[in-house]
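One chain, subunit A, appears in both complexes that follow, with subunit B as partner in the first and subunit C in the second.
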Partner chain A sequence: MDLYFWVFASMSVLAGLFTIAAKDALPSAMGLLTVFIALAALYLHLHAPLIAIFQVAIYAGAILILVVFVIMLLMAPGERLAAIQANVSYRGFGALLGLCLIGLVVVGIKGVSDIVSMKALPEGFGAPSMFGDLFFRDFLLHFEVVSVLLLVALIGGIYLCKKKL
Partner chain B sequence: MDDWLIAIIKVVCIWVWVLLIAVVMTWVERRGAALIQDRPGPNRAGPWGLFQPLADGIKLFTKEEIIPTKAQKFLYIMGPLLFSLPAFSAYAVVPFGDKIILGGKEIILQVSDVNIGFLYILAIGSMGVYGVILGGWGSTNKYSVLGGLRSTAQMVSYEVPLGLALLAIVFVYGTFSLRDISLAQQGTFLGFLPNWGIFKQPLGFILFIVAAYAEANRVPFDLPEAESEIVSGYHTEYGSMRLGLYLFGEYVNLVTISGIIVALYFGSWHMPYIDLGAYLGPISWGVVSFCIFFLKVSFFLWLFVWVRWTLPRFRYDQIMGLGWRGLIPLALFNIFITALFIQLTV
Partner chain C sequence: MASLTHYIVLSSILFGLGTIGFCTRRNALILFMSIELMLNAVNLMLVAFSNFMGDMAGQVMVLFIFAVAAAEVAVGLAILIALFRHVREVDITRFNVLKW
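After this line comes the complex of A and B, so read on.
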């Protein structure tokens, strides 16, 4: 029994449940924050401090703040989510997306037999330089393809915002 | 066992020290304001009003704690805690001196020299904004919500130039560890300049200090609490020690930011031109390096006060314009120049 793992794993699952069950938008976002932090703690446990830091700095520190920004812009404190939560089409889409995600995880987990046979971590595992090697040498093409995706999203965002092009 | 003991002593000492500076800073802020505005300032409690922070503390502690009826209680209580906790934990990776050798044991003057040093500071620093958001939203007050809203937008916008300025520093020194960066700033550069970060990254320093002021919500970037527009912004509904935690957390943030500025750009504990470490014994050098570091930090603490009482506040659209149209292109340019320089020289 790995106590550290169980504490943070259950924390992330419970916070995730709270995120989708909360009646208010901002507490729901705070639930998501707790999920991110618990996951970061798990990454630390897996000897990946850099990923843990990125998890906190990027997901909790930037993306979630944008989400909170939108919440604060569109809602008032005390305003309930009930009207949105009652919308059946949202729920249907949510279920579809969730199923897709679970499907992806199942496909990914097929390589679980690698995990069963334990092996020692290479020297310097999780160090920034190793991270950089993976990104900019071994998987450079994949990384750049993702950046094209971001560029498309950026252009799309600008297109949607501009009234006249 | 020894290592644990040393670690605990370091944590406690540094914690108390940072708190003490923060307390003194509240006094410096008010006396500095008075100095700049040509009035006496607080001068009744003790010599030069030095006991004023104590009196303020007693006042804040003994005031009645009020929770507004319409506030969302849990969020309202969590706000100040979430604001001050990151402030207190960010200092863990900032060095405060070189090292002391006690009984053959080398003790570095830094709570923890982690490999990912200032990424940790970036991550922790971005957590502080949740305290502002929770406070603003939990108060159920339109001014508070506006303050929280401004804070989120400002934080996201200025984190980008801050990160990019730090990235250029990583290019120059090739490490994330604040101690390694400090050690690399010894000696001179081009023969006559001290080997400090500011001479290698002048533009980076300006970008960093501007973005850091914005991240710390200090004038001229204190839009989340602009008292001439939205009462006091996110802490309008707060009083007693909860308000105290917000105000106090801000000063702790100032200490941390000044420490980072000194460690990255102003040669940490190194004196320009003279390597005192070569002349002094191991223990006295530890003390002296601590003093040099602290003197530099004090200057930047004073700069915060100086700027606050000299500059007016920006308008909101000016803040966003400066962040996105001014700082981010400049930061990208800075990275480009730094990378080009390194590519051509190394």
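After this line comes the complex of A and C, so read on.
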């Protein structure tokens, strides 16, 4: 039994459940933070230390702070913190849909894991130097396109937040 | 050592949880967080396959998904704030201006 995997896997699933079941948005965000941290720990286990660092810095650091900031901005205390839930039929339908999706994905991809045999990892696999080498040589164009995407998102975000749209 | 199947099942469960949250909640902010949960499930799957196939391209792909998620959150939350200024509400059933 791989204790490391099971601890963080159960932690992420429980925190994910809490995220979608919490009454208010702020506890929900804290649940999501726990999911991010648990996944970062699993990335470390999967020889991806750089991704684990980015997970904590970008997701838990930047994105979640933005979400929490907007929660604080929009949901002033005592204003509308009551639970906002869909009606029962929609909830049942959504839960059924999600469970079917889990089953479908598990059945669909489980066969793949038999084909993919555990290869001996090359020397220095997951090291930031190897990552950077791949990133700035084979994926240079993609990198530039993503920088344009981020610029567009930046401009769009500023424009949408103007007082008079 | 946890096998690839373990990670596939874990990732599917997280993705399914995100889907359930997206379908069952009406708070727009929690819908956002459900989408983040789904994106993270996909990231986990990519990193797991990258590890078990010995190919680092999967990790690079995860970094691109980080960038796209950041862009999505920035624009999405800006839209939400703009909507909130009009409706004073984060319940998505009140956003029915375009409803036929």
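FYI, the second predicted complex is superposed on the first by the 121 of 165 C-alpha atoms of A that agree within 3 Å, B and C clash if a C-alpha of one lies under 4 Å from a C-alpha of the other, contacts with A are read in each partner's own complex, and residues count from 1 in each chain.
FYI, a residue touches a chain if its C-beta (ideal position, glycine included) is under 8 Å from a C-beta of that chain, and two chains touch if they have at least 3 such contacts.
All values reported here derive from a predicted model rather than from experimental measurement.
Enquirer: I'd like to know which partner A:Ile53 touches here: subunit B for first, subunit C for second, both or neither.
Expert: In the superposition, A:Ile53 contacts subunit B only.
Enquirer: For A:Met30, decide between first (touching subunit B), second (touching subunit C), both and neither.
Expert: Touch status of A:Met30: first partner only.
Enquirer: Touching A:Gly16, do we find subunit B (first), subunit C (second), both, or neither?
Expert: In the superposed model, A:Gly16 contacts subunit C only, not subunit B.
Enquirer: Spot which of subunit B and subunit C makes contact with more residues of subunit A, would you?
Expert: C
Enquirer: Looking at the overlay, does A:Ala62 come into contact with subunit B only (first), subunit C only (second), both, or neither?
Expert: both
Enquirer: Touching A:Arg91, do we find subunit B (first), subunit C (second), both, or neither?
Expert: A:Arg91 contacts subunit C only, not subunit B.
Enquirer: For A:Met72, decide between first (touching subunit B), second (touching subunit C), both and neither.
Expert: The first partner, subunit B, only.
Enquirer: Which positions of subunit A sit in both the subunit B and the subunit C interface?
Expert: Shared contact residues on subunit A (touching subunit B in one complex, subunit C in the other): 50, 54, 62, 66, 73.
Enquirer: Enumerate the contact residues on subunit A facing subunit B in the complex.
Expert: For subunit A paired with subunit B, touching residues are 24, 26-27, 30, 33, 49-50, 53-54, 56-57, 60-62, 65-66, 68-69, 72-73, 76-78, 127-128.
Enquirer: Name, in rising order, each residue of subunit C that touches subunit A in their complex.
Expert: Residues 1-27, 29-30, 32-34, 36-37, 40, 43-45, 47-54, 56-57, 59-60, 62-64, 66-75, 77-82, 84, 89-91.
Enquirer: Contact residues on subunit B for subunit A in the complex?
Expert: Touch residues, subunit B against subunit A: 70, 72, 74-75, 114-116, 119-120, 122-124, 126-127, 129-130, 133-134, 136-140, 145, 148-149, 152-153, 155-156, 159, 176.
Enquirer: Which residues of subunit A touch subunit C once you look at their complex with the stated criterion?
Expert: By the definition above, subunit A touches subunit C via 2, 5-6, 9, 12-13, 16-17, 19-20, 22, 25, 28-29, 32, 35-36, 39, 42-43, 45-48, 50-51, 54-55, 58-59, 62-63, 66-67, 70-71, 73-75, 80, 84-86, 90-91, 93-95, 97-99, 101-102, 105-106, 109-110, 112-113, 116, 118-122, 125-126, 130-131, 134-135, 138-139, 142, 146, 149-150, 152-154, 156-161, 165.
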